[in-house]
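Down below are the structures I want you to see.
Two complexes come next, and they have one chain in common, subunit A, joined by subunit B in the first and subunit C in the second.
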Partner chain A sequence: MFSYLIRRIVGAIVVLIGISIITFIIAYAVPGDPARAIVGEKASEEVVQQVRHELGLDQPLYVQYFAYINRLLHGDFGFSYYNNQPVLDLVLSRLKDTALLAFSGWTVEILIGIPLGILSAVYNRKIADYIISVLSIIGISLPVFWFGMWLIYNVAFKMGILPIGGSGSIMHLILPALTLGIAGAAYYQRLVKSSMVDVYNQDYIRTAKANGASPLRITFKHSLRNGIIPAVTYAGMDIAFLLGGVVVTETVFNYPGVGQLAMQSIQRLDVPVIMATVLLAAIIVVVVNIIVDLLYFLIDPRISLT
Partner chain B sequence: MTNPNVSTVKASAVSIQQQVKKRNKFSRFARSYPLIIIGGIMVFTLAIMAVFAPVIANHNPITQYPEGLSDIGTPIEPNDNFILGTDSLGRDALSRVVHGSIVSLEVGIFASLISLIIGVFMGIVSGYFGSWIDMIIMRITDTMLAFPFLLFVIALVAVLKPSITNVYIAIGILGWATMARVVRAEVLKVKQLEYVQAAKALGSSSFPILFIEVLPNIMGPVIVMGTLAIGQNIMLEAALSFLGIGVQPPTASWGNMLQEGMRIYQIAPWMIYGPGIALIWATLGFNLLGDGLRDWLDPKTGR
Partner chain C sequence: MKQKVLSFKSVRTLLIPLFILMLVVAGCSKDTSSNKNGSGSKNQSNQGAGEAVKGGSIKIDQRVDYAHLDPAMAYDFGSWEVVLQFYDQLLTYKPDSSELTTELADSYDVSEDGLTYTFKLKQGVKFWNGKEMKAQSFIDQFERILTPAVGSPARGFIDPLVVGSTDFFEGKADKISGLEAPDDYTLVIKLTEPRGNFLYVMGMPFFSPIDKEYVDSIGDKEFDRKPLGTGPWKMESYDVGKQMVLKKNENYFKEGEPKLDEIVISIESNEQNSVLKFKQGETAFIGWNQEINSADFVQLQSDPNFKDMLMKKELASTYYLALNNQVKPMDNVKVRQAINMAIDKEKIVKLQNGRASVANQILPPTMPGYQKNLPAEVDYKFDKEKAKKLLAEAGHPDGFKVEMLSTSGETDQKIVQSIQADLKDIGIDVEIRPLSGASYSDGARSLKYGLVYTAWFQDFPDPTNFLDVLLNGAEVPANNWAAYNNSSVNEKLNKAKSMAFGQERIDLYVEIQNEILAEAPWVPLFNPVRYAIVQPWLKGYYQHPVLMDPLHDISMTKK
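What follows is the complex of A and B.
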């Protein structure tokens, strides 16, 4: 257990270094000239050179990379080109709303996906299973932003029962959470179904049936715990999916979170903010994945972590 | 005395039998794998739409028609002339939806091809050579998978400047990691097989073994993943164009049409439905086809 944890953390550190290299390359090597972007089009060449020197942009690339890492380790994610605030403050001020939205989206995924998965496994190859399967593949094929628009038009605009956008109350969260969660719900449905069907074919379930256990007892007492394990592993990949989804969802619903900030920064070509959001999102994904791996172990003692 | 017609009758009876057999075979296949047929038809209609776009569309997709706007300058709802209505500039929505299929297929196919080529190469090398090569490639894969994909692509397209080419390059070079993992797992299975061991024992060098012996045997999962990737990448392109960093107007793409629909849905709700349904048709088609191919080529992992 302990040595597994150590190896897992070393692996995560390697990945984090990889993430920092990739964001560094995209942020500093690809776009034209950050110094020019800061001082503006009209500034003279001398001023640009001056700023370039101050920022260390005239140094070799690897020196710049280590300076970048050094700043990151001190919690310095740079300054926004646009409003000259520290990037970290900007992002953190919006993180709470985004976390709330992502969590609500995840709740929708679980609340819809897992029951439907169980249902379609119990009624495998019966009419209920076919209906759920069709709904599920439509759910996977639904573009997040289109579904959001559709909800806004039909539920918020025409029926007028929920707000069109913004944030502040639980009512504001319902449509964005549905939008964000519907595709994920379909993934959970498929995952839970296929693993539950596998479990149903196991000997111990046959034994339980032979002993006269009721179908309900077989499903919830004997199968669910094993059937749900793949869904737990998927949660690790799911966090990356949700964090990508919030960008679109927040834009559609005009929801003031990190995703909206990322989109605004992209329109303003505010590279430090764009890269900080990408970097932070990736760090969150890595950390959540470690937690999920450990949970996995707690849920299923058969898995040996050596 | 033999009737010369008998032999021809016999021959035609045989050929009818063969035809019936063929048809039976096809209908049995269609009944076993309905998803391939349904998805295949959907994808085929999409391809027809893209190839014959100028013939199918009854208007020019970027012309702003004066009669496409009402007296007060608002879009016109669907009618005989503009079957799916018009947008806020008086352009024909149907023609734009039809021409949008070209962009979608172009991005979907090229982006998937790029990530397929990188992913297969990385996966095959990683799985076959193992040891430190495997370790390095797998760490790179982990790193790529840690980024929320959509956000990652948005960031790269933004710094590369939005254009059709940059969209599929960005999606392609960032999207290979899952493919690499799947291919690696397949290679690990295949390289234990006798014929690969035999080729090795006969002294074949690594690269011919990889591409002659190993590659053809992992094509099943690759085809499945490639098909599913096209659908996902079509959706991704639409999302990028919807956010304003994908295909730029006046070029028609379903995503930038929906972006406009988002702005004017209160007066022109048809702008949500035309491009939206086309987009769902495309992603659903590729998803069904991919799922069907998985059931067919890889029955063990099928649902």
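What follows is the complex of A and C.
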């Protein structure tokens, strides 16, 4: 297991270096001059040149990249071109809010998706299953931005029971979490259902039934542990899904997280912030995937990590 | 195989609440579309009915995070909204007027040759930390603006105009020789040549006094987010990306200002959410701080609860199509005149729900030098037949192909598509190239596009800020995106720039504008009209023609 872990970590570092190079090239390939973006439209060309020189933007791209990585390894993420803030402070101050939102969205997915998945497996091909399936299709098909705006208008504005966007309290979190979690909940429901239906057809379940085990015991003691493995697998990929979702959700709800920051910095061509947010997202996805792979082993000892 | 593992009586107990929740959310519509704090003022100026109460706190939204809080760096509407609250200048504008008045200066004197400006400063004005503002506080800020490491966009306003500015910038001198402080309350500025608009420049937020010791103690970068000025509002807190809280400066030198105790500003990047918050009565106004999007504007205009809360102001700005004089066939004046006549500007105004007025000249209507009755020979009225004829005379009876650079915003795209359709009617095939932000301005400066859809907003109410900045040959390609370079016009512009204020100077600008219009380097399209919406319980709000929202002047009629 130890050698497996080392291999995965080395692989992760290679992936992160690759991502940093690609992001750097894309950020610089986009037409537009960050120096101009900093000093504003009306500044003279001389001032722009001067700022370009100050930031080292007049150096060849590979020199800029290595200088950036060198600073990164010393913990220096640089300053935002847009508002002169240290990038690390900017990202870290928003990371807490994004983590909270992603966790809340994930909670919505689990709390709605898994029980509905179990229910539809239990009532497979019954009216309840059909109703859940229809709801599930609706959940998966809803565009995140549309559902978010619909909730803002109906729940926050018309009913006036929750705040219109922003952050700062648990009340601010409810609508964004619902928006973020609803599609994932539908996905978990389908995953758990198909997996549970499979498990119900296994011989050991039949044996358990023959031994007189109660339906509750069969579902929760014998079936769920096996039936939930695909959901755990999905949880790893789900992090990437949630990180993608927070960009849209945070923008719609004006929720001040890393997703909104990423979106704004792309619009502003704020390269140091773009780099930091992309690398942060990449690190989270890579680390969570390693953790999930290790979790398989704990849940199902039959899986060997070689 | 059919199976029944669980024996719950009915799954309905679980599903019904889900359906009910969906129905409740969709249908339960306690109507909050009318304002909670008032039923809609009939007072068009929104000056707020009833007596103002002392103090109080309001909430407003702000479109995006502040780019800069350092007055040497801030050069956008968003940042100026608060920078003007934190800092004062030598001169400012009268309330709701384009007329200059003294602020930190008690009086000023301009020498006869127009080269020496002497400002007598107010005494006893204090920074928020209690230190007194002195003449040196201004000199320190001038020096920061001319320090390469600061990277201030304001350098062009004083270098090389102020004596010794270039030497200081290049590190050849450790003082700006043209700035003197004979005593703590006298500031003398010497210029290399007379400059009619210099007083307006001194009214810009760049040239605010600063406490050098404080800036040195925290560094320039930190100063950009931890302001310290003499202004009416202090920054109590700033949670970047979330919220800024302004607290009244109790020691402000202007008695009775500011009128409120506190302003809480939420960074709200979603325009639609801002309108909903206003409708709920949560925010006090939507002015310079946020945009009202098209759909909401139409709805607000027809909503009896809100339409009387709207205010409007024609902005000192011109949206125009720059016709690149260096790209063929736009180098032919007849082609440029034909394009001028082919575009239906009324349609463009309609596309913006009337939030604009048709423009026929470079200067906006609020600017000195604007001509209400433009000479007929330079007033290109919409006439497609005449346009076709001119195009044929220019040797292009079947038209030609041209690329048009534009910004990528939703309304901008509607407008450029309308222009594209109009030009198609006279045979000109336009390919639209939408770009955003820095990519857009880089594209314009590359001078490779035949047409550029763009706009200019005034820095100060003087024609030099339009004619000189946008059409002097020396400004190609920095701001002169039409690549227009006429030596006679350049000469006159340089002359007018040095002239003292007065009718003679304005007359020269009128002459220059007509000379430019005859060559049609632009198609002036429209002057935008900005709408604000203000709660009826807010008193004293006005849309200033030069400055941002009057946060120091507003008060409430309730708490």
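Please note the rule applied: the second predicted complex is superposed on the first by the 269 of 306 C-alpha atoms of A that agree within 3 Å, B and C clash if a C-alpha of one lies under 4 Å from a C-alpha of the other, contacts with A are read in each partner's own complex, and residues count from 1 in each chain.
Heads up, the rule we're going with is that a residue touches a chain if its C-beta (ideal position, glycine included) is under 8 Å from a C-beta of that chain, and two chains touch if they have at least 3 such contacts.
Just so we're clear, the structure is a prediction, and the values are computed from it rather than from any experiment.
Novice: Examine A:F79 and indicate which partner it touches, taking first as subunit B and second as subunit C; both and neither are also allowed.
Specialist: Second partner only.
Novice: Is A:G11 contacted by the first partner subunit B, the second partner subunit C, both or neither?
Specialist: Once the two structures are laid over each other on A, A:G11 reaches subunit B alone.
Novice: Quick one: classify A:R190 as touching subunit B (first), subunit C (second), both or neither.
Specialist: first
Novice: Would you sort A:I132 into first (subunit B), second (subunit C), both or neither based on which partner it touches?
Specialist: second
Novice: With the two structures laid over each other on chain A, which partner does A:P256 touch: subunit B (first), subunit C (second), both, or neither?
Specialist: A:P256 contacts subunit C only, not subunit B.
Novice: Mind telling me which of the two, subunit B or subunit C, contacts the most residues of subunit A?
Specialist: C
Novice: Output check: A:W146 vs subunit B and subunit C. Expected answer is one of first, second, both, neither. What do you get?
Specialist: First partner only, subunit B.
Novice: Touch check for A:L269: first (subunit B), second (subunit C), both, or neither?
Specialist: A:L269 sits against subunit B and subunit C alike.
Novice: With both complexes superposed on chain A, which partner does A:L224 reach: first (subunit B), second (subunit C), both or neither?
Specialist: Neither partner.
Novice: Taking the superposition as given, does A:V248 touch the first partner, subunit B, the second, subunit C, both, or neither?
Specialist: A:V248: touches subunit B, not subunit C.
Novice: Indicate the residue numbers of subunit A shared between its subunit B interface and its subunit C interface, in ascending order.
Specialist: 30-31, 149, 152-153, 157, 251-252, 267, 269
Novice: Quick one: in the complex, what on subunit A touches subunit B?
Specialist: 11, 14-15, 18-19, 22, 26-27, 30-31, 133, 137-138, 140-146, 149-150, 152-153, 157, 190, 193-194, 237, 240-241, 243-245, 247-248, 251-252, 259, 262-263, 266-267, 269, 271, 274-275, 277-278, 281-282, 285-286, 289
Novice: For the complex, which residues does subunit A have touching subunit C?
Specialist: Subunit A residues touching subunit C: 30-34, 36-47, 50-51, 54, 79, 82-85, 90, 93-94, 115, 119, 122-128, 131-132, 135, 149, 151-160, 164-168, 200-201, 215-216, 218-219, 223, 251-254, 256, 260-261, 264, 267-269.
Novice: Going by the contact rule set out above, which residues of subunit B touch subunit A in the complex?
Specialist: Residues 139-140, 142-143, 145-152, 154-156, 158-160, 231, 235, 238-239, 242-245, 258, 261-262, 265-266, 269, 272, 276, 279-280, 283-284, 287-288, 291, 303 of subunit B touch subunit A in their complex.
Novice: Taking the complex as given, what residues does subunit C use to touch subunit A?
Specialist: Residues of subunit C touching subunit A: 1-8, 11-12, 14-15, 18, 25-26, 28-33, 64-68, 73, 75-76, 148-149, 151-153, 155-156, 221, 224-225, 239-242, 266-270, 272-273, 276-277, 279-280, 282, 435-443, 459, 478-479.
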